[in-house]
Amino acid sequence: MYMPIGNSFRFTAIKKYQSYKINLMNHEELISTLNECANYCNHCADACLEEDHIQMMVTCIRYDRMCAEVCSSLAKLLSINVPSQKLMALVEYCKNLCASCAEECSSHEAQHCQNCAAACKRCVDACSKFLYNH
Amino acid sequence: MYMPIGNSFRFTAIKKYQSYKINLMNHEELISTLNECANYCNHCADACLEEDHIQMMVTCIRYDRMCAEVCSSLAKLLSINVPSQKLMALVEYCKNLCASCAEECSSHEAQHCQNCAAACKRCVDACSKFLYNH
Amino acid sequence: MYMPIGNSFRFTAIKKYQSYKINLMNHEELISTLNECANYCNHCADACLEEDHIQMMVTCIRYDRMCAEVCSSLAKLLSINVPSQKLMALVEYCKNLCASCAEECSSHEAQHCQNCAAACKRCVDACSKFLYNH
Amino acid sequence: MYMPIGNSFRFTAIKKYQSYKINLMNHEELISTLNECANYCNHCADACLEEDHIQMMVTCIRYDRMCAEVCSSLAKLLSINVPSQKLMALVEYCKNLCASCAEECSSHEAQHCQNCAAACKRCVDACSKFLYNH
C-alpha cells in the first residue's frame, strides 16, 4: 500500500521520538552518575564532621563540597538541549575535580570516604566517556 | 569471659555503625527518588520549549522548574545529619509541589510530560512515606 | 482626540510594564537579602573549618549549609512568576531556618559567625515582610 | 624592645586576619556580581515565557538557564577557601557562557533581556578581573 504522507509522517514522528529518546538516554546515564556522586560527596562532607580528627578531614570536606556542587550543576545543564560542544569545558573541569576528590577521599579510611572515592571514580569514567563520544 | 568495657564499646561501635548505615540507606532511597524527579522536571522544562504550542506549556514549565529546584534542595538537605523533625515542613512542601506538578504534567500528551508526571508521583509517595515514618 | 484602541493598547502596555516592574522590584529586595544570606552562610560553613575547636562548630556548619541551600532555592523560585500563595509555606520554612541559624551563629565569637547571624536576621525580617504583605 | 615571640605571633595573627579579610572582600565583589547575574538570568528565563513570540526566545531561555546555574555554582565555590588556581577553568567557562548569554539577550528588545545582557556583561568583566589578578 502506498502512503507517502502517512509514511513520511510516521518516519518524522519516529525520528523525532528516537532523537528525543537517544538524547535523553545518553544524558540519563551521565546525569545519574553525576547525581549519585553529588549525593556521596554531600554525605561525606557531613559525615566527616563526626570523625574524631576533623582537622584531618578539612581538605576532604572542601573537595566534597566543590565536587557536589559542580556535579549537580553539570547534571542540570545536561538536561538542557544545547550542542554538547558548549559543555565540553565544564565536563572536563568536572572530571578533573572528581579525580582530585577521589584521590583525597581514598586517603581516608572511613567508609563514607571510601564510598565517595568510588563514586567520584565512576564519575571520572562517565565524564571521560562523554568527552570521547562528543 | 567478662569484658564490660569492651562489650560496651563494641555495642556502641555497632550501634553507631548501624545508625549511620540505616540513616544513610533510608535517605538514599528518598534522595534518589528526589534527584530522579528533578532530572525529569529539568528535562521536561526544556523539552516543552520544542513543543508546537509552547504557550500551552508555560504553566508546565513553571511547575517543572519549581519542582526541580525544591527536589534538588531537599535531596541535599537530607544528606546532612540533622533531626528529621527539622525537615518535615520542607518534605511536606515538596510533596505538595510534586503533586501539583504531576497534575499539570499529566494533562499534556507529550512523552516527557508523562514521564515527568510519573516521576513526580513516585516522589509524592516517597515523601509521604518519610512523613509517616518520622 | 478619541482613540479607544490606541488608548486601550497603551494602557495595557503600561499596566503590563508596571506589573512586571513592581513584581520584579518587590522580589529583587527579598532575592538580594536571600542571596546575601546564602553567601554569608556558605562562607561561615567554610571558615568554621579553620577554627581551633571545630567540634564546637559542627552544629553551626550544619545550620549554615541548610540555610544557604534553602535561601538559594527560594531566591530562584521567587524569580518565577507564580502566585505568591504557592511560596508562602517555603518562605515560612526559610524564615524559621534563618532564625535557628542566627541563634546558633550568634553564640560563637568568630567574626564570620557574627556576620552570618546578622545576615540571617535580615533574612528573617525580609521573609516576615513578604509573609505580611501577601 | 625585643619581643620576638610576641611580635611574631602578632604578625601571624594580623596576617591571618588580613588574609581572611582580603580573601572575603575580593570574593564578595565577584560573588555579588555572579548572584546578581543569576537573578537576572532566572528572571529573564521566566519573563520570556510571557513574550508574544516564545519560539523566538527559546535560545535565550536556554542560555539564561545555563548561565544562572553556572553563576550560582561559581558563587558557592568562591566561598570555599581553596587555592584560586583550582577555580580558574570554571571562571573562564563562566566568563564565556556569560558572554554568549549577553550576546543572545542583547538581540531581543524586551527590558528583561536588556537588563540580563547588562548583568551578564558585568559578570564577564568581573570574571576577567579575577582571571587577571590570580
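Labels for the chains are A, B, C and D, by order of writing; each one numbers its residues from 1.
Everything below uses one rule, namely that contacts are C-beta pairs under 8 Å (C-beta built on N, C-alpha and C of every residue); 3 or more make two chains touch, one makes a residue touch a chain.
Given the structure is predicted, the values throughout are model-derived calculations rather than measurements.
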Chain whose Cα centroid lies at the greatest distance from that of chain B
D
If I rank A-C and A-B by number of C-beta contact pairs, which comes first?
A-B
Compute the distance, rounded to whole Å, between the mean C-alpha positions of chain A and chain B.
18
Quick one: report the Å distance separating chain A from chain C, using the average Cα coordinate of each chain.
29
Listed in rising order, chain C residues that touch 2 or more other chains are 46, 49-50, 62, 65, 72, 76, 80-81
Contact set on chain D toward chain A in their complex
62, 65-66, 69-70, 72-73, 76-77, 80-82, 86, 89-90, 92-93, 96-97, 100
Using the touch definition from the top, list the residues of chain B that touch chain D in their complex.
46, 49-50, 54-55, 58, 61-62, 65
In the complex with chain C, residue positions of chain D that touch it
20, 24, 27-28, 31-32, 35, 38-39, 42-43, 45-47, 49-50, 68, 72, 75-76, 79-81, 111-112
